[in-house]
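In the two complexes that follow, subunit A is the common piece, with subunit B as its partner first and subunit C second.
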Partner chain A sequence: MKVLLKLTDISVYAGDTCLLEPISLTLKQNVPLTILGQTGSGKSLLAQAIMGLLPNGLTSTGTIELFGKEMTLKERQSLWGSKLVMLPQEPWNALDPLMKGVEQVKEVYQYVQNKTPQESLRLSMDDLRNVGLSGSEYKRPDQLSGGMAQRLAISAATAGGANFILADEPTKGLDVSRRDDVVRLLQSRSAAGGLLTITHDVAIARQLGGDLMVMKAGCLVEQGVAEQILRNPQADYTQALIEAEPKTWIDAEPVSKESHDEILIVNQLSLKRGGRILFEGLSFTIRKGEVVGVVGDSGCGKSSLGDALLNLLPFTNGTISRLNHEAKPHQWLKLYQDPPSAFSASVSLGQLLNDLVRLHRIDVQRIQPLMRRLKLPKGILERNCLEVSGGELQRFAILRSLLLDPVFLFADEPTSRLDPITAKEVTELLVELANETGCAVLLVSHDPDLIRKTCDQVISL
Partner chain B sequence: MKTLIFKRLVQLVGVIWGVGTLTFVLMRSLPGDMAYRIAASRYGQDNVDSQAAALVREELQLDQGALSAYKDWLLDLLQFRLGDSLVSGEPVIETVQHMLGHSLLLSFAGLALSIAIAVPIGLLSASKGKMVDSALMGFSSLIRAMPVFVIGVLLLLLFALHWNWFPVAGFGTPAHLVLPALTLGLSLAAVSNRVVRDSAKRVFGSSFYLFSRVKGLSKWTTFKRHGIRNIAVPVVAFLGIQLVSMIEGIVMIESLFSWPGIGHGLAHAIFARDIPVIQGAALVMGILFVFLNTLVDLLCHWIDPRGVAES
Partner chain C sequence: MSLDRSSRGGGIMKMTLSQKIGLVILLILLVFAFGGTWVSPYSLSQQDLNAILQPPSTRHWLGTDQFGRSMLTRMSEAVMLSFSLGLICVITSAIIGVTLGVWAAWGETVDSIMGVLVNILLALPGLVIVLMLAAIAPGSFLVLYLAISLVQWVEYFRVVRAITKNVIHSPARQSTKMMGFGVWYQFKRHIWPSIAPSIFTLAAFGGANAILTMASLGFVYVGIQPPLAELGLMTVELFPYYSEAPWVLAQPLLAIALMVFGFHLLAGKRT
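Now for the complex of A and B:
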């Protein structure tokens, strides 16, 4: 079997700080290799180092052998598109926002493969049809859903003929059915070539098969055949990653909350957006301390429902009655999907917290115990929202909400951008808090397992 | 698109009426006897007496009441009759055309020069290292900090008086256009090159720009295909704002180089109380602003069509 990629002692440094411990690996033709690990474990740096895409200020050491030949940075860059390609993490950002979808594929045929414009257009139209994008060829990326954008990005990336693909978190933020599509597409595109996937999602590792490397904080924990490792993990860390999958969570004990006070009654609610009916005649009751899950495919109106309950979005028909009249408007809160977008990066988190304390005259004594409870280190207050991890920031967002004594918290896919271990922690935390403080939580997720295992009541859209 | 153009047409009618009425009211409320000022402009400051003023008053019916004068003016306006200059006796439309033509020539020449200066400098700042960027930033601030007439005088001293390459003032030949246009271009480019730089920096650092390279496109193809258009979005909007505010703002440059443009002409008409010319000029400028704004909006929409389908 031909060896496509051989890394010997690759490590990445920022100045003197080692960000990625020396790592060696071999990737053979037709055997996909998956690197599994938590966010911040240096996985993405590895892919960037292979491509020759490390950000300024970072240096890598060690040797990289591609297609049986040791290659310099320049030589690797000359392979981009035609032999070697890396898929973007966030397809929306990786596609030119002003260019029609088919053009972004066509240009690769035209400029990398030197085909005529007509031929290029025909090939790109075929490609898009094959990935189920017919009818959307002339749409701009902002008119596509996340899954569609990812399929477009994969088509564009592989149009140059490269069949050695590096995929860095290729399914971030996609729901389960979309995720499976993308994985299948990756497999077909790398057939007879190589596939190196970097992910925190155990399900993807299982689906791809092949070889598996588990990494933690820049170090290799375990290595071998994917199937064996996932069935019989040796390292505690691998075990923890597998257990963090919602599928394996212990079922929540259904606690009857019938006796609790009702805080919200929704009757025959209908919602329309952009001329399209999202849902009609929806009725339910939310009680104090209840965790209510909302599931459904992407675009079915899960987030819109939550926004409507918070009066952030006008609804078409029906009534929403709030029964808790003592609660102030700021006690009906929302937890956002993408934590960094819910914070200002220009001041420190401590400053943001102080502003909140001053505005609402919050007792400062409450902050320390809560921070301990949420496992937030004290130093976090001196940093801004881009300098902390996604999990820490989401826990800080929870801290911020809790200080306001919420009666209702709408958590909009709060864990979809977090790795499984952190996601599990955050979800468990929300459930505990609902039980302790009596705050009702509306939990939106694209993972039906997660909802089934945690919620007292489930609304399917 | 259609609604935009329709909205702008309605706006245009409002602008014409509003600008006309406002100049009418303002000019009527200026202190001093209008007949005297007009006579002074016609015959010279030393040759004016009460008799000349009385003649002017009678000829131009200046003692008619404000309301009836307004009614006459409005009726004329509805028939697109702007009247004759009180001073020179020439039709206002011709005077304004002459002035506006020169102003537009100067503005567009200045804008074209500023683009020719700002785009390469902005791109250079964005793509080269910190040293080049800071140096160009300092230079831009220096130019920006100088009042525009100082730049003009410096250019005059250097190119007209010292080297005798270009005429000092006046108009008529392309050589006359060079110095005023360069002055204008430099002062505009001092700001717009920073807009180009910021926009280019954002695009060069974006994921889609990098992804285009990863897809296999060369540096140059990536710039052509994904750079230019994305960089242009804020730049075009900014140039549009610059152009619109420039047409009235170039009076300084017009005066310095004795350029017979609309800013220069309007100032003179105000001193002379040449009301029809003031009204005509203000009106045409109002129309021009609406027209240019619409043009810039359409151009921006053509470059970046996002977010329109929903509204």
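Now for the complex of A and C:
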């Protein structure tokens, strides 16, 4: 088998600090290689080093052999598009928001492959049809769903003729069902070529097969054949990553049935957005301390349901009755999907906490034990929301909510932007705290496994 | 609009080199404006017809104009006048623009009313509005100030409204509101930090624009009237003597150029 890529002692430095420990690997034709690890483990740096796309200030050492020939940075850059291509992490950032889908693919044929406009248009129409985008050729990226946009981005990226693909978190932010499509597309596009995928999702590694490398904090933990490693992991870290998959979690114990304190009754609720009916005639009851899961594909109205329950969105029909009349409005709270966007970056987290303590005259004594419980380091209070990790920030958001003694917490995909291991911790914590404090939690997720394992009641939309 | 508040906890230390240079230029001009009136023994309109269009000397540091008046006194008075106008115009238009902008972004009805008003104002060229108002009462500093502020607040309004709309719909503001925080707190923590850098930039450009507008009006004789000293007016008055006394004509021109340059450097560039 032909060796497509060979790295020898590649490492990445920022000044004198080593961000990526020396790593060597070989990628053979038709055997996909997957690099698995949490965010911040240096996976993306490796891909950037191979492409020659490292940000200014970062330097790499070691040798890179492509197609059996050692190449300098300049030589690698000349292969962009025609031989070597890197897929964007989030399609929104890679596509032109104002350009029709087919035009974006056509441009590549026209300017990278130097084909005539007619020929390019025909080829790009074929491409889009092949990835299941027929009928959406003339839509702008914002009119496409996440999965469709990613398929468009992949079509545009590979139209240059490259069959050696570097995919950096290709399925970030996609639903489970869409994820499989994208993986299949990647496999077909790299047939007779090479595929290097970087991901934190064990399921993708399993699906792609081939070779697997597990990385942690810039170091290689384990490598070998994907199937073997995933079935029989040697390193503790690999073990932890596999266990963080919702599929393998232990089932939640249902809330003790004596609890009959109903706090919210929803009757025949209908919701419309932008002229489209999201759901109709939805009825359910939420009890104290109960964890209610909501599942469904993106765009089905999961988040809108939660917002409607919190009076953040108007609903078309039906009733929502809050039965707990002692609770104040600020005890009905929400946890957001993207933690950094839910905080003001203008002041430190400690200042934000102080503001809350002063507003509601909260007992300061309660903060320390809660911080220990949520495993929040003290130093976090001096930093602002952009200087801490997503997991820490989401736990801080939980801390802030708990200080207000919530009766109902709407958690809108609280872990979808977090690493699997962190996501597991946060979810478990949320469920535990719901049981302890008697706060009802409405947990929205696109992952049916996660919901099934953690919730007492499931609403499928 | 003090510096340290606008550049998000940065202050002078966080300014770029060109911003610092701009600040230094403006400070030097300010010192000149204060120092000139303090040092010079001559009054603004004290004439000496025996010594007209004199070159700089120990008696008259910056020379004299066509009536033998001290250029040092007149220049420092003129620079002072320009600075005062620039400053109060910026403060007034920023306060009006920010208040209305935030209000419009928050409330639907206000937004549509303001939208109509702003579109009408924007349809007319700014300088023409100022010219019209200034022509009604020539020489009035007050009318000049009101006219320039009337034109300038629109910019603040539009920028602030656009940014505030985004902030108001952000999860961060929504979550703050749900936790029971009031309107003022939401402004302080969410809206102000995101609009402050833009306001500072607009203010610096606005200061330069106000000064240029006043000089333009002076130049066409509808601004400040003689015998007061104003940079545009001085330029046009000294214009006939450009070959006899170029150094005198150069002074107001240089002052205008330096002020505008200083403000533009101070505004900095967006990264």
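As a convention for this text, the second predicted complex is superposed on the first by the 457 of 461 C-alpha atoms of A that agree within 3 Å, B and C clash if a C-alpha of one lies under 4 Å from a C-alpha of the other, contacts with A are read in each partner's own complex, and residues count from 1 in each chain.
Criterion: contacts are C-beta pairs under 8 Å (C-beta built on N, C-alpha and C of every residue); 3 or more make two chains touch, one makes a residue touch a chain.
For clarity, every value in this text was computed on a predicted model and none was experimentally measured.
Undergrad: Based on the shared subunit A superposition, would you classify subunit B and subunit C as clashing or fitting together?
TA: clash
Undergrad: In the overlay, answer first, second, both or neither for which of subunit B and subunit C A:I250 touches.
TA: Neither: A:I250 stays clear of subunit B and subunit C.
Undergrad: After the superposition on A, what does A:L95 contact: first (subunit B), second (subunit C), both or neither?
TA: Touch status of A:L95: first partner only.
Undergrad: Now for A:S344: first (subunit B), second (subunit C), both, or neither, which partner does it touch?
TA: Touch partner of A:S344: subunit C, not subunit B.
Undergrad: After lining up the shared chain so the two structures overlap, which partner does A:W80 touch, if you call subunit B first and subunit C second: first, second, both or neither?
TA: first
Undergrad: When the two structures are overlaid on chain A, which partner does A:L312 contact: first (subunit B), second (subunit C), both, or neither?
TA: second
Undergrad: Which holds for A:L386: it touches subunit B only (first), subunit C only (second), both, or neither?
TA: Neither partner.
Undergrad: Thinking of the overlay built on chain A, is A:M51 touched by subunit B (first), by subunit C (second), by both, or by neither?
TA: After superposition on chain A, A:M51 lies in contact with subunit B alone.
Undergrad: Based on the superposed arrangement, let me know which partner A:A157 touches: subunit B (first), subunit C (second), both, or neither?
TA: first
Undergrad: Which one hits subunit C, of these parts of subunit B: 45-53, 99-107, 135-143 or 171-179?
TA: Clashing stretch: 135-143.
Undergrad: On subunit A, which stretch or stretches are contacted by subunit B in one complex as well as by subunit C in the other?
TA: No residue sits in both footprints.
Undergrad: Write out the stretch or stretches of subunit A touching subunit B in their complex.
TA: Against subunit B, the touching part of subunit A is residues 51, 53, 80-82, 85-86, 88, 90, 93-99, 107-108, 111-112, 140, 142, 153, 156-157, 159-160, 162, 274.
Undergrad: Residues of subunit A touching subunit C in their complex?
TA: 310, 312, 328-330, 332-334, 336, 338, 341-347, 352, 355-356, 359-360, 397, 400, 404
Undergrad: Would you tell me which residues of subunit C are touching subunit A in their complex?
TA: Touching subunit A from subunit C are residues 8, 170-172, 174-176, 178-181, 185, 189-190, 192-193.
Undergrad: Could you list, by residue number, the parts of subunit B that touch subunit A in their complex?
TA: 206-208, 210-218, 221, 225-226, 229-230, 233, 303-306, 310
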